[in-house]
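Before any comments, here is the structure.
To keep things simple, chains are lettered A, B, C, D, E and F as they appear, and every chain counts its residues starting from 1.
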Amino acid sequence: MKTIYILPLVAALLALAGLPVAGAEAPKLPVPTLEQRVGDLESYMNNAARVTDGKAESKVGGGGPGHSAWMMTSAALVLFMTLPGLALFYGGLVRRKNILSLMAQCLALAGVVSLLWWACGYSLTFGKGNGWLGGFQHAFLQGVGSDPNTDYGQWVPHSLFMVYQLMFAIITPALTIGAIAERMKFKAIMLFSVFWMFVVYFPAAHWVWGADGWMNGLANDAAKIKAIDFAGGIVVHMTSGWSALALCIVLGKRLGYGREPMQPHSMALCMVGTGMLWAGWYGFNAGSAVAADGVAVNAFVTTTLSAAAGCFTWPAIEYCVRGTPSVLGFCSGAVAGLATITPASGFVTPGVAVLIGIVAGAATWFACNVIKAKFKYDDSLDTFGVHAVGGTIGTILAGVFATTAANPNLGADRIKAFVGSTLWLEQLKAGALVLVWSVVATVILAKLVSALCDGLRVSEEVETIGLDLVEHGEEGYHG
Amino acid sequence: MKKIEAIIKPFKLEDVKEALKDIGITGMTVTEVKGFGRQKGHTEIYRGSEYTVDFLPKTKIEVAVADSLVKQAVELIVKAARTGKIGDGKVFVSSLEDAYRIRTDERGDAAV
Amino acid sequence: MKTIYILPLVAALLALAGLPVAGAEAPKLPVPTLEQRVGDLESYMNNAARVTDGKAESKVGGGGPGHSAWMMTSAALVLFMTLPGLALFYGGLVRRKNILSLMAQCLALAGVVSLLWWACGYSLTFGKGNGWLGGFQHAFLQGVGSDPNTDYGQWVPHSLFMVYQLMFAIITPALTIGAIAERMKFKAIMLFSVFWMFVVYFPAAHWVWGADGWMNGLANDAAKIKAIDFAGGIVVHMTSGWSALALCIVLGKRLGYGREPMQPHSMALCMVGTGMLWAGWYGFNAGSAVAADGVAVNAFVTTTLSAAAGCFTWPAIEYCVRGTPSVLGFCSGAVAGLATITPASGFVTPGVAVLIGIVAGAATWFACNVIKAKFKYDDSLDTFGVHAVGGTIGTILAGVFATTAANPNLGADRIKAFVGSTLWLEQLKAGALVLVWSVVATVILAKLVSALCDGLRVSEEVETIGLDLVEHGEEGYHG
Amino acid sequence: MKTIYILPLVAALLALAGLPVAGAEAPKLPVPTLEQRVGDLESYMNNAARVTDGKAESKVGGGGPGHSAWMMTSAALVLFMTLPGLALFYGGLVRRKNILSLMAQCLALAGVVSLLWWACGYSLTFGKGNGWLGGFQHAFLQGVGSDPNTDYGQWVPHSLFMVYQLMFAIITPALTIGAIAERMKFKAIMLFSVFWMFVVYFPAAHWVWGADGWMNGLANDAAKIKAIDFAGGIVVHMTSGWSALALCIVLGKRLGYGREPMQPHSMALCMVGTGMLWAGWYGFNAGSAVAADGVAVNAFVTTTLSAAAGCFTWPAIEYCVRGTPSVLGFCSGAVAGLATITPASGFVTPGVAVLIGIVAGAATWFACNVIKAKFKYDDSLDTFGVHAVGGTIGTILAGVFATTAANPNLGADRIKAFVGSTLWLEQLKAGALVLVWSVVATVILAKLVSALCDGLRVSEEVETIGLDLVEHGEEGYHG
Amino acid sequence: MKKIEAIIKPFKLEDVKEALKDIGITGMTVTEVKGFGRQKGHTEIYRGSEYTVDFLPKTKIEVAVADSLVKQAVELIVKAARTGKIGDGKVFVSSLEDAYRIRTDERGDAAV
Amino acid sequence: MKKIEAIIKPFKLEDVKEALKDIGITGMTVTEVKGFGRQKGHTEIYRGSEYTVDFLPKTKIEVAVADSLVKQAVELIVKAARTGKIGDGKVFVSSLEDAYRIRTDERGDAAV
């Protein structure tokens, strides 16, 4: 089993052998006219296709500096959301004896998912294949260089788009671990996550975002379901959130759940994580425009307003119900507002964002306080309650409120008939399918991993002592 | 020699310390403890999970004193630590067989 | 009272009804010449007005990618300053039992101020009205879209400018809470802050920064007072800092102040917050150029040097006076350097920035160590000592040292006669007026809020137990 | 001695006197043609030299917004790496009683190095002089304005390049303090660092990066050694890391080292610091392109992959050797991957980055676990084990794997013959020389400082009580 | 009056508290302590430095009870705290000379 | 049976533990405490506010030993914990009436 650690090394060596092969020389295009050259520059400003495309050799190579600047910033922000943002947000909420286990899981996912992404994950997700899965043409990042892949961004280097998307691939499985915190074996989590990337994330992301994805209503003329998902309501929050629910039910409750106190060991750190998530989310949502253009800016604004509205609503409900607005309430509401606006952020107007934020705060409060209490599953850190519920609602509301006023791309022929009409139904279809797929896959994978790892859960003794000490040989704090 | 143990409300520590200083008791050992008693704890709710925190933060003071000082010391502690509200705490007195000052090998009353 | 929570929902719905109405079609302009098109592109590079303005239809719409990239980054950085930067900086300085109260206040302000800003705050501040207050034309962000508002930025979408300024509106009242930490009711703080935004922040920001503000010496020909304030010495630090002083005096000292130990419960967290503030301040100051141009870069440099000089000076004084430079000294000095350079950052040269940083470190050290001790007010976390003192000094020094060498905009006819001459007097006038306004308004509002909330302070018992447990039902740390 | 605090004040005043003197008026160039104007704009897009250079007056002044946006972001990120990133990474690893000492040192270095940089450090490093050291032409930032210094960046203001490089000058000595943590006098550290900047950093950085540096193979035709160092493998990690080794040996072990437990007092905070370092490193590496161009993006990608591979490898080895992958292992591996890719990040392809990350994780694991145990030096926080080892390996591997496919600048006449051939030998030469220089200088300076400060170490009593309390009069945590 | 001191495994605290409540003992003081005994500690390795952590987290419960209750109380504690695995802890009984309730000046058995 | 309570300087814990091991005492309970005594505390100044911290971190060791071992144990502790500087701490001895091992129901000397 331990020999698996040799694999990436071999893969790296193989990849080295396969250094960028110069493709068959393309036919030489004519020199551009001054008019065309100015046109190219204007296209950069407008984040539009080059006017020289197919007509002349563009004098400006690679991406455009302003867009690249924003996208590098965004990629760094999304990485920051996981490390240390989410690690703190989750780590603060568990008991003192388990903080490091959450941190280890976030770090390990960053390491492993990056290597998967490099080897074939990116290719399977964003490479062209069929509606269901991409191909292997970009395995080991072959052909992913500094020229834009115009399927995904007119003025951003292909490799920048790739690495930006990697950050999404890292955070998605990391969200899931919140539901199964404090009791699952590290080894089992890692194995499960690797399988899950192949079975759930790569396919689902391809369906919704792949240039030829069968649910990609925004960019694929041939899409069967005309769904839209700006920054990952379906792809990120629904996949992770619904899988989290399934997994935490399969796994069972924590020892002593409902009987022993399991308060957050450090609400202060949790709040720090929340602030990082909020700030990082600008990279997540506004970055999903793959440009520093008006759509990005609008997403920035809607993200802010929805987060604020969520951050207001959840504690407001607490204030009404029990008299004290809590910091966990503020944090949960903000994250709910952020998760819920995610699929809609680049498609709706600011006023709608406020509405979505309010709905988000109320609905996730209800999920975490009422539904969870009623059905008695142990979603430790409310990945389901916040991300699945928020992502699902956001996905549908994106369908209801999307407007070309917010995003001109919705005016494309392939989708415009749906906008303002039955788009929500497409959203519902896409969401439901991904939901079912995620849940079923999770249950099957959990059984498989359980067989491979001799059970998914740590022993009672380990759970009592804490995962940090036994699984990682360390303690979060000393002295 | 006796050992006086007092469980008091944390914010009364300064007052008790000052009171004891007045009668020349300048040595004591203090521990953060959690107390359970008639004073009710509080409830914390985190996303729907309700936790009753029965144990309240208290401060334990331990002082070894010569027999002659015990009565006075206890009285002063009780007075200084009292707020009159529930949860003010307890004072326990027990007997010590011997005491040593590590630095000097002094023993007994001289050591405290 | 609790019905107030319905209001934002209603407002959101109203705003939805008022979706962007296409304005009366403007008369069609001619197609631009190649010369004009290149001119527009060059204007983007130079952050200048479009050459097509009024002459031809520009071929480049919305903002410019480089400037937008920087401004989105800046907005995210300024949000990050509050969440979690300031929350940590302040939270680390209070006693363990009160850390969450500071965090809750920062989060709540982010939520509430965002909603106010969206509803009418932005419009009242930056909309055109009269010298004293803006109008309602941008209520619910009507007309705040992706086209630049050239009053405030040539190449940045109006909505981006709006959301950037929102981050300032959030942090300003959040600064104030440092002075009244550990003893004021949460409800009273929120109510006070909402009133304060309307009575102090929106007006004062309009006076100094509004296109038609009566103190806006930089941009308004008709300004009565020719004041300049690059990034908020008057608008942010003086309003919050002087209000903080007034409020903490009205409120009275903390129980046991001067008798019981009230050390920072976590200087480590405070230092983390300081680092975040420093990094975020680049968005605050360099972002205030509303472009990624030379003025922004100069502000970036002056900010760095002033922070460094402050960070050197305060602990150097400590070293001389008591022998040990403390981490709180480094942190305080750095923040003082940052606050003090703020109004001057885009107007002065790097050498002056060093001087300002040194003065900042020394003056705020004196305020926090000598003045506070002398007058015995309980400015818990030295909002007055650092921000009011720093902001006031910076405002005046900006007047003394501003130079067109650092900022060509100072060469405009309306202001150039003052620069290098009596500008400092204008600064003094503007500063004094805002100071008086802030203090008077604060005292009146405090009385009003006290009446509404049955007193401003929590009971003695609550203050003893800690605000976290009683006001928010949580504890900062467990186990 | 205390009078030294007067110096910066005087310097500032002097600098004020020397406000930018308008240089001798350059001969007026002709107005550019439309073709040239478009050419300039295209050069901006391509990060190339202006076509108007020497031929016509460019219509676009200063830097270019997209590049400036990215470089300001990068500078902020690198500052963030030190404050609070490194302060947390290191602070979490020491014992509770010493956390503030690390924080104070990071803050003090930020303050002091900035002032040095402003006064003459920048000039000595990047000013033109001879191969060994720059001149004083940019002392007090004279002539460092918003026009690009095309030696270092075509489209980034000179002052932005200067402040970006300042952030490197701050973090380099801050890395060193990890090795001597928990026992060296604050005063001695500061004195040592100031000397070290003059004797090691300014020269070494000039050799490798200065336009006329004698080891600057990339940009200096006359370079004796044709070395390349993209973001500081030699300049940052080798200088600091090897100096750290020398200094910790001179200093001796901590009291009780190897006998008393000295666990990290907060692995949680250390992990937070790691996340900040990782995110900030994008500014460090991708920013070193001094543009938002394809080279920057490639560096972004290689940085990510190497970090991920390191973050995978170190704990994988732990898993094989002792059964439990630790959070410190993940963190160490990630930082090792980041440090090792640094010199190579802009020169190699993504596949190579994975390989480098794996080698980095393995080699630094070996250094920290086996070599340190064998030779029994007390490199408290493994500055040598991670940074020197990583930086050295990265420097050599950069020589082995650098390719024009990743960086077209390697195609320049002065270097292209070496690329893919004996470049690694040049790297070895440069690395070895800097290594020896750093070690020798450190030993001499340590003796000197020891004489000046009456010994380098705090007394046994102070070491026992903790530096925080005695050297800074504070404690990291209370209550 | 006696003082019962019990060193137990931390996660047994709730059980012990409940058990004592059943016989009407509603006051106690709890301290977080570290124990050293037959139960082996664990080893932590940080970058090659190996630390044996001999001391394990334990919880100390102190209860003052009237003489009549001692036997029963000790039995209940032992029963509630037992897991049967090494490291379950100890119970110590010692005598108290006096006790005071700070709030009321009550003394002796009435005070506990 | 006796209970030995020693208040020592924290960094002496390892030494004391080792010393006791040598005479076969392998059980003890350790608490972090704060001590007040002749040893002076320190002053912390935060932005002009000066706090005198009188209480210094100390470590309390509690060991239950059979009567026969008391003398030797105390001597060893005193020796191991001594630095000769002020603040070295105290050792107190008191009598225990009974002891129980929770795991096994053992009682008395056998239990410690």
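One rule holds for everything that comes next: contacts are C-beta pairs under 8 Å (C-beta built on N, C-alpha and C of every residue); 3 or more make two chains touch, one makes a residue touch a chain.
This is a predicted model, so every value here is computed, not measured.
Student: If you apply the touch rule, which chains end up adjacent to both chain B and chain D?
Tutor: A, C, E, F
Student: Going by residue numbers, if over half of the contact pairs line up, that's a repeat, so tell me which of D-E, A-E or B-C repeats C-F.
Tutor: D-E
Student: For the pairs D-E and E-F, output the one whose chains share more C-beta pairs in contact.
Tutor: Spelling it out, more C-beta pairs touch across E-F than across the other pair.
Student: Find the geometric centre of each of chain A and chain B from their Cα atoms only, then give the gap between the two centres in Å, rounded to an integer.
Tutor: 54
Student: Which whole number of Å gives the spacing of the CA centres of chain D and chain F?
Tutor: 48
Student: Go ahead and note the Å separation of the Cα centroids belonging to chain A and chain D.
Tutor: Centres of chain A and chain D (C-alpha means) sit 32 Å apart.
Student: Among the residues of chain A, pick out those that touch two or more other chains and give their numbers.
Tutor: 34, 38, 41, 44, 64-67, 69-70, 73, 77, 261, 263-264, 272, 322, 326, 328, 473-475
Student: Of all the residues in chain E, which ones touch at least 2 other chains?
Tutor: 31, 44-46, 94-95
Student: Graph of touching chains, which shape: line, ring, star, complete, other?
Tutor: other
Student: Would you mind giving me the full set of chain pairs in touch?
Tutor: A-B, A-C, A-D, A-E, B-C, B-E, B-F, C-D, C-F, D-E, D-F, E-F
Student: For chain C, which residues count as touching chain A in their complex?
Tutor: Within the complex, chain C contacts chain A at residues 2, 5, 8-9, 11-13, 15-16, 18-20, 34, 37-38, 41, 44, 59-70, 72-73, 75-77, 79-80, 82-85, 87-88, 91, 99-100, 103-104, 107-108, 110-115, 118, 140-141, 144-146, 157, 159-160, 162-163, 166, 186, 269, 272, 470-479.
Student: Touching chain F in the complex: which residues of chain C?
Tutor: 258, 261-264, 322, 326, 328, 332, 368-370, 372-373, 382, 385
Student: Show me the residue ranges of chain E that touch chain A in the complex, using the header's touch definition.
Tutor: 11, 14, 42-46
Student: Which bits of chain A are touching chain C when the two form their complex?
Tutor: 34-35, 38, 41-42, 44-47, 64-67, 69-70, 73, 77, 95-97, 155, 261, 263-268, 271-272, 274-276, 278-279, 282-283, 286, 291-294, 296-298, 300-301, 304-305, 307-313, 315-317, 319-320, 322, 324-328, 330-331, 333-334, 349-352, 354-355, 358, 403, 405
Student: Name, in rising order, each residue of chain F that touches chain E in their complex.
Tutor: 3, 17, 26-31, 64, 94-103, 105, 111-112
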